[in-house]
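What follows is a short report on a single structure.
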Amino acid sequence: MNTHRKAGGTGNPLTALRAATGDVSDRVRDWWADASPWQRWGIYGLVLLLAIVAPHPIIASFMSPYTDWTSLLFNPIGTYVLLAIGLNIVVGHAGLLDLGFVAFYGIGAYTLAYLGTTVGWAFWPTVIMGVFLAAMSGVILGAPTLRLRGDYLAIVTLGFGEIVRITAVNTKALGGARGITPIPHPPNLFGVEFLLDPLPYYYLILAVIVVAVIFSIRLQRSRVGRAWTAIREDEDAAELMGVPTFRFKLLAFAIGAMVGGLAGTVFASKVIFIAPTNFPFILSATILAAVLLGGAGNLPGVIIGAFLIAWLPERFRGFADYRILVFGAALVLMMALRPQGLLPSRQRSAEIKEGTGGMGSLGAEVPRPDTDPDTAAVEVAR
Amino acid sequence: MFNDLTQQFLPSTIGGLTIGAIYALVALGYTMVYGVLRLINFAHSEIFMIGSYASLFVIISVGVTAPLTGIALLGLLILLIVVSAAVAGGSAILLEVVAYRPLRRRGAPRLAALISAIGASLFLQELFALFIIPDVFGRPGRIDTAVPRIVDRDVLFTIGNAQVRTDQVIVLLAAVIVMILLDQLVARTRIGRGIRATAQDPEAAVLMGVNIDTIVRLTFLLGGAMAGVAGVLYAMEFENLRFNIGFILGIKAFTAAVLGGIGNIRGALLGGIALGLIENWGAIFFGSQWKDVIAFVILVVVLLFRPTGILGESLQKARA
Amino acid sequence: MSRKRMVVTAAMLAGALALTACGGGGSPSGGGGGGETLKIGFMGDLTGENSGIVIPPRNGAKLAIDEYNATNPAVKLQLVEYDSQGSADQAVPLTQQAIQQDKIVGLVGPAFSGESKAVGPILEQAKIPSISASATNPGLAQNGWKYWHRVVANDADQGPGIVDFLVRAAAPKKAYVISDDQEYSVGLADAAFGAFQAKGVQVERDQFAQAASDYSSTVAKVNAFKPDVIVYGGYYSQAGRLLKQLRDAGVTATFASGDGSLDPQIIQGAGAPAAEGAVLACPCNIPFGATTGALADFTARYKAAVKADPAIYSTEGYDAATLFVDAVKAGNTTAEAINTYVSGAKLDGVSKKIAFKPNGEPDVNAIFIYQVKNGALTLLGQSTEAKLG
């Protein structure tokens, strides 16, 4: 199964390194792809069990010696995972590049905060309203822009993220730069009080993540998911085959925005205080990096990616000064060694080898004698 | 409101032209790389930042203590432009080799290249904040680094109620001259033909004997050099540098490139100037806090009604 | 697949981990030795963009704790630093850690208002007293918090303090208020704008984005309005850039700003000629050029320990930590008892005389006025008495 690697092993040292780093996670991925549904559900159950016991102090002392582990599990770990699941629908499934995903997160959070403090709505209706408004803004943003090419979409979404943030900063009714406080907590749920202890919030976001994961898997296997794959691989071909590409792209945008908005409402329900500084551009870039690092399109990969990106900087706090430096270098290295991410789906790997499935390939690239042989070898051969 | 308009219109216009010229120079790098590679070179903004610090290094090394005039000023400006363009162009080539070439080699999707670009951008910012600014310039890494004044703020002439200063004229003149040179280079020379051919049809270009790697390297060199010139002008005009000055300016410059028609060199000039003016004119009515929103709304509107930008995308189709 | 490649992978991963891990380890200072040791936290932006106004109070607090420990007391204190980078998102888990793992009995900080808003309810619930040396948002005192204190006057006092001083010293007819879009900046500008209106001064305002560097549209607005004084709410980076661009465009009006801009960096940023004469107000007392008395003594001790001159909020950080030291000296060892002591304390501090109102505010709202003279910051005196040089 590794014939093409042997061929590529000589000559370019990067190729050798690339093959070496990819090997372990490819095996994991292959095993996962071949596993029976029962094995998969078993693993999901095991992961869930691990997530449930995660806040235990013994785990905490190793995972986070410098800062409170349970709080971290909620934010950034839980929120990043949820955001990554949402962005994965847009980027991983439909292949659209969104550089302003944080806008939906912000809209969700602001809806909860505003309706909860100023209008005095109850908790659950505000959550539904937050998710609804995020989805609506996804449609409003997507309707005119999704007809644009991928790169234009990227810059327009980036602009949208900034517009939302700047509007919040300059709107007195939304608290301006001061933000909104005090945001009400959720009401008691199954006799559990939501106050300042981070533990109930962690289980709340865990429950939301589980629902989002199930939703995302069901979606991917439906007609909608297949349509997205077709669009991602070749939009023109999909259109010719009768897939209403625009409508499906808009749907991906709206659903991604919904999950982003949901993450925002859950986040705001704990933190008491939000301000525009909670929603900077760099958060959009970080979540995007998490999705691609893990392997866009493959849910376990995306979750692992989001977990690592949220957790590593906090685990190595003593290293604080160099966090972003290392993060930046890691992204470059990662893309050079394994652009498909840690745990990509097989299909995505194949697409990436062909140079499709991510806004198409770079320009100015022509197969030449000095090109790595694996570029040409399509993974389907296995 | 009308009084505001008459009072502020001309001064705001001068300010908009000045910053617009800098947007335009930075936009050139985005536009050229995009034209050839179909890649948003996200780290281009850091090439601009490197260029600005290169010019600060020269100013300190030469030991300018008081503002210059005449031949001395012209000589210093040329020296600054040459050195900064070389440093920034070199950095851009290095960036291409490290962050993009491995991806190009294996035909990775553009999404991967974009992430690599974001990574490179963060890395370069932090490299300056943590090491280069403290170690080379002996200043704290995360706050402004002051640039000694090299041009006096004398009023050269006035138009209506707007005073036009020497420094502003220098920024505009230098930007326009450099851009004309680049335009001619791309339109008339062998190198320029290679760039245009590659942008249009890389496979055919290879068959015609164009060395793609050389062309890509040249594209990064030229785009980087333009950002270097922008860095000189920025350092001279605003006199405060910071490790992250490129971030917002880069987004604006990319917006300008799209506005003018990405891949189009003259479009970048037009887009940059237009963006600078629109921002400042919009600020008269809505307040300066809405500048960025105005810029992005204009971008969306232009893309909706004319998706190829004002002048259309035509690095490929530029006159031979 | 060869085994060799697996080894390469493993080695690379191990290397990467080692590289990342080598920076690990917290940075507690002081403490150790025999007897009981209590922990006092310090929270603020120690490595981020605004660390320039957080490191001096950290140094002040550390000096107070170190001086106390050097007397070999029965109960020693240890200062544990929490680098929130000024972000509420990071401050919350750090606070939980400080309470649950480190079991701090008091907190100097959080340094900024945003993080204070997020962290306040948690400290309140855990009954841990906090004393901020630099959070100046007025709203913080209106939460009914019993464990929260600050040793500086708030922006609602600072804004009018600047305005009162300018009106008295410069008698302006027209004023222009500018800010960037950060919370602190807008708050200060709002307060100044309202105070000018209350004084019957004709006033207009503009605001720009924090990350902007070209202020030409703002400058054009100022030039069209032709004000006599300009008040800028914001931090020194933007203040320096703005002041330079104003003066370059021929604006000669008196430029005034608040504590966020009180840093020598404003002179660097604007250039000495442009910065000359700029007025800066602060609820803080910085011993610039103090030659006699307690301030001179403090300056000497601070210089010996920190190897730098006292800067913004150094004295306030020292006083905040001293309140905790005094509480422990008086035999209080639980957070609750320390809070009771601090809330009722009367300290003849280095910065000023300190006592707290029931809501945690200091009972004197002294605003000090500084001015740039001959390229250096000099203290003119309290806002009620100072005269423009």
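In this document, chain identifiers A, B and C correspond to the written order of the chains, with residue numbering beginning at 1 in each.
Convention: contacts are C-beta pairs under 8 Å (C-beta built on N, C-alpha and C of every residue); 3 or more make two chains touch, one makes a residue touch a chain.
Computed from a predicted model, the values in this text were never measured in an experiment.
Taken as a graph of touching chains, this assembly is fully connected, with contact between every pair of chains.
Each chain gets a centre from the mean of its Cα atoms; the one farthest from the centre of chain A is C. Of the two chain pairs examined here, A-B and A-C, it is A-B that is joined by more C-beta pairs in contact.
With centres defined as mean CA coordinates, chain C is found 36 Å away from chain A. Inter-chain centre distance (chain A to chain B, centres taken as mean C-alpha positions): 32 Å.
For chain B, residues touching at least two other chains, in rising order: 289, 292.
Across the assembly, chain A contributes 166, 169-170, 321-322 as residues in contact with two or more other chains. For chain C, the set of residues touching two or more other chains reads 181, 207, 209.
Interface residues of chain A, counted against chain B in their complex, comprise 12, 14, 91, 97, 144-145, 147-152, 154-156, 158-160, 162-163, 166-167, 169-170, 285, 288-289, 292, 296, 321-322, 324-325, 327-332, 334-336, 339-340, 351-368, 371-372, 374-375.
Taken in their complex, chain C has these residues touching chain B: 48-49, 51-52, 181, 206-209, 211-221, 223-224, 236-237, 240-241, 244-245, 248-250, 265, 268-269, 271. Across the complex, chain C meets chain A through its residues 1, 5-6, 8-9, 12, 19-27, 47, 83, 85, 87-90, 92-97, 100-101, 114, 117-118, 121-122, 125, 137, 139, 143, 181-183, 185-187, 207, 209. Chain A meets chain C in the complex at residues 2, 5, 16-17, 19-21, 23-24, 64-68, 70-72, 75-76, 166, 169-170, 176-179, 181-182, 195-196, 198, 271-273, 275-278, 312, 314, 316-322, 326.
Across the complex, chain A is touched by residues 34, 36-40, 98-100, 102-116, 118-127, 130, 198-199, 202-203, 206, 212, 215-216, 251, 254-255, 258, 262, 289-290, 292-293, 295-297, 299-300, 303-304, 307 of chain B.
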